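Next, two complexes with chain A in common: one pairs it with chain B, the other with chain C.
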Partner chain A sequence: MEITVKFFATLREGRGKITTYVTEDSVTTKDILDYYEINVEDVSILYVNGLDAALDKKLEHGDIVSIFPPVGGG
Partner chain B sequence: MDNRYSKNKKMISQQEQEMLKNSRVCVVGCGGLGGYVLELLARLGVGQLTAVDGDRFDQTNLNRQLLSLESNLGEYKAVAAKKRIEDVNSEIDVDIIIEFLNEENAEEILLGHDLIIDALDSINTRRIVQEKAKALSIPFIHGAIAGWYGQVCTIMPGDDSLDYLYKSDVNHGEEKKLGNPSYTPALVASIEVSEATKVLLDKGELIRNEVLYVDLLEGEFHKLPLKK
Partner chain C sequence: MFGYAGKILRINLTTKEVKVEPLDEKEAKKFIGGRGLGTKIFYDEVSPQVDALSEENKVLFVTGPLTGTPTVTTARYMVVTKSPLSDTIASSNSGGYWAPELKFAGYDMVIVEGKAENPSYIMIENDKVEIRDAAHIWGKVVSETTKILEKEVPEKSRVLAIGPAGEKLSKIAAVMNDVSRAAGRSGVGAVLGSKNLKAITVRGTNKVKVADEEGLKEAHLEMLKRIRENGVTGEGLPAYGTAVLVNIINETGVFPTKNFQLSQFGQAEDVSGETLAEKYLVKKDPCYRCPIACGRYTKVDDIEGGGPEYETIWAFSADCGVADMPSVIKANYWCNELGLDTISAGATIAAAMELYQRGYIKEEDTDGMPLEFGNSEAIIEWTKRMGNREGLGDKMAEGSYRLAESYGVPELSMSVKKLELPAYDPRGIQGQGLQYATSNRGGCHVRGYLISPEILGEPEKIDRLTIDGKATWAKIFQDLTALIDSTGLCLFTSFAMGADEYARIINKVMGTEWSADDILQAGERIWNLERLFNLEAGVDPSQDTLPKRLLEDGISEGPSKGHVTRLSEMLPEYYEIRGWSKEGIPTDAKKKELGI
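Right, the complex of A and B next:
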């Protein structure tokens, strides 16, 4: 199956804006983070198909995962 | 000064201007975001402002904090805020609290306000404000910055929008690596104050249950839903 992965802000560095993850195995959003070497604490908004998703959400063919880093300054 | 608000009148009626005059807003933080937020609220004519910050200015503030000057290094930020607001608009009542907001003093600081504006640099303190604002039934405008990036949303009591924005227990975001330039706080503060205006005057569409995520490096503005 194919999963589209979109990176935002600083997470684009070394990864680009968008990529396709291809696998025959069952995967979760956490597996995607691990594959692209993104620590959980470096993630704020995590979407699957535009909706808030848990780290253990199982992904399906055609899903779009969007990952944003936290912004906390003032 | 009869003509002070004459340029507001096409978008803010005289009755609405009176509503702003009778409003009480608490700005938590008087640094990068807070300096601009307070300036904009004072010029807008929000009648009662509370500025909260226990910090003093140092040289590292000069690149972005409106209230920070070479002449006031070492001064409490809240004191500088009061001076500036009184210079801009002497019709405004300004209270200052020279303390950092925390679990113990939050309720006392926030009680009695119509609206709270986030100008903090700590995610943990933002969580305290969201919780207390909910308990006190006070709307809360969230804003945060990190380098080229910023985010804004309006949190009505019970929305708990920060729970979606900050998933892990981190207290800081990308700003710890990137720092903050002069223009990101000005932009995010402006959007926060436009949200504040809409809440106080009950008009327009709020950025609520969603967040406006701004990427100035790529020129992107994303409105993202904050619901499951």
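Right, the complex of A and C next:
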């Protein structure tokens, strides 16, 4: 399956804005963070298709994962 | 007196009388300063039914007891008056450097009454106060006004001014200071215009007295540490400014697009905080004594200036369907120069674009610049036409509500109490919807920033799509914000600080012994006072509502698809928690409890 992964703000450093994660195995949101070397403490918003997702959420083909560090207000 | 300067400067522009009065410390402490004390004094002196643009209205420039003190973010003041846009009490907040200078000059606030016969400005230098002729700067944009005044007032003076929009009594005109800092909302700039008051310059050389200097140094270092270690205040805001929210809010599917007809904008990346930092940022632009430095100083096509903020970017991009960042930034610069509230200006253009889309505004009304969603030239040109009141811009200068109402369709104005809604679609953020409907100045996000828990997860994450507990959250955020707005500190410290921390730093400055509960009660007192003012002004509880679209039409696509704001389910609980009657009126018991 293919999963779109989007990085924002400081998480783009060394990772770019958007990428595709391809796998044959089952994968969770935490697996994605681990793969892209993002510490859980460095994440303040984690969305799957725009909705808050737990770290153990199993992903499906075509899902979009959006990852934000603690950033903003105003 | 600690924190306070102890003096009120009262200027009557009709009689040209200048008076210095002592500050009533006991009264001051009940309402703290800034928003709270300004509202109390205004309510004591002016009838809530006053015509906002008449000579009988007053305008107060009010610092807080912490403004100008040696700790962080002590830059803020409030412009308190009756709003010509909403008829509510207005207290519009701004930062920069003007307010600390007023404190150094020896005044807690300036009260301006009456109306000058000719365009005038006020010069303050410590004890010396003069009302001067402003014929040579009337009609000039804010930056030019500032440059001219800086040459004729004492060196190092700070300048507060209105632009042409305020002079021409636009109901969405701002008061500007330090060139690009704005007391934006509620049309406060028009009140100055109606008094023929172009500017106030101030130079001060005194220091503010604090109660516990050593204790303050310690509390200050702790506050600074918290701010630096917090992700929002220590990393995100300094690096990207408030613009960092563009992608967050868009990914959440609550980024109002084309006058709230849609809730996601396909080209959000082009107008994001990341793009701003990458292509247009020149440097950070902090206020007085601020380590957060969320302010931006930018450049596009050889033009430089302050901003844009998140709200500004939203209003001129997604809300108008425009993806061209240079045009968005230029529209922002024009708002600063003309002295317009960027939220209301962009949102009014968006409303006009929907009116045009639906055939209410005709092509011949647009004088060669069609009000089409996506037209990047239009957002610049119509900002100018509004600021200068040209053609249809004259009607638009009255704000989106009066504009839409003139065509018989007020429901196409995305506003509450006639104040244009900002950059968050409340159908996907239930608590924020409740706050929009109940905020004392109308459609405002910042007075109870529930985006913080509902989207950003600060202080904790709550589900944005459910209604449970939102009434309580709204009250707490609203009360705490009212308190912070009254101290002279910046609201953004609240990402890193809670009520206990605020109480501590306030006590060190003022020599008080307040607990977190004490200061939250002060916030509640201030909130209720504003409510009472509004009720007397004729802004009744039936206006605690949202535009029909947000109550009835579900979001059309994206992660928040199908949702509306379930206001009728939250409002009764909110009134109850506030200790108000079922009709939304503060009870005698509540008034007695709060001492108002």
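FYI, the second predicted complex is superposed on the first by the 71 of 74 C-alpha atoms of A that agree within 3 Å, B and C clash if a C-alpha of one lies under 4 Å from a C-alpha of the other, contacts with A are read in each partner's own complex, and residues count from 1 in each chain.
Keep this in mind: a contact is a pair of C-beta atoms (placed from the backbone, for glycine too) under 8 Å apart; a residue touches a chain by one contact, two chains touch by 3 or more.
A quick note: this is a predicted structure, and the numbers were derived from the prediction, not measured.
Participant: Which partner does A:6 reach: the first (chain B), the second (chain C), both, or neither?
Facilitator: second
Participant: So, A:49: does it touch chain B (first), chain C (second), both, or neither?
Facilitator: After superposing on A, A:49 lies in contact with chain C but is clear of chain B.
Participant: Identify the partner contact of A:70: answer first if only chain B is touched, second if only chain C is, both if each is, neither if none is.
Facilitator: Both chain B and chain C are touched by A:70.
Participant: Between chain B (first) and chain C (second), which does A:30 come into contact with in this model arrangement: first, second, both, or neither?
Facilitator: neither
Participant: With both complexes overlaid on chain A, does A:40 touch chain B (first), chain C (second), both or neither?
Facilitator: The answer is first: A:40 touches chain B but not chain C.
Participant: Which positions of chain A sit in both the chain B and the chain C interface?
Facilitator: In chain A, positions 8-10, 44-45, 47, 50-52, 68-74 sit in both the chain B and chain C interfaces.
Participant: Okay, in this complex, where on chain C does chain A touch?
Facilitator: Per the touch definition, chain C meets chain A at residues 230-232, 235-237, 239-242, 244-245, 247-248, 251-253, 269, 273-274, 294, 309-311, 446, 449, 451-452, 455-458, 461, 463, 492, 495, 558-560.
Participant: List the residues on chain B that touch chain A in their complex, please.
Facilitator: 29, 31-34, 118-123, 126, 143-151, 164-175, 177-178, 180, 185, 211, 213, 215, 217, 222, 224-228
Participant: Which positions of chain A touch chain B when the two form their complex?
Facilitator: 8-10, 40-41, 43-47, 50-52, 68-74
Participant: Applying the document's contact rule, which stretches of chain A touch chain C when the two form their complex?
Facilitator: Per the touch definition, chain A meets chain C at residues 6, 8-10, 12, 17, 44-45, 47, 49-52, 66, 68-74.
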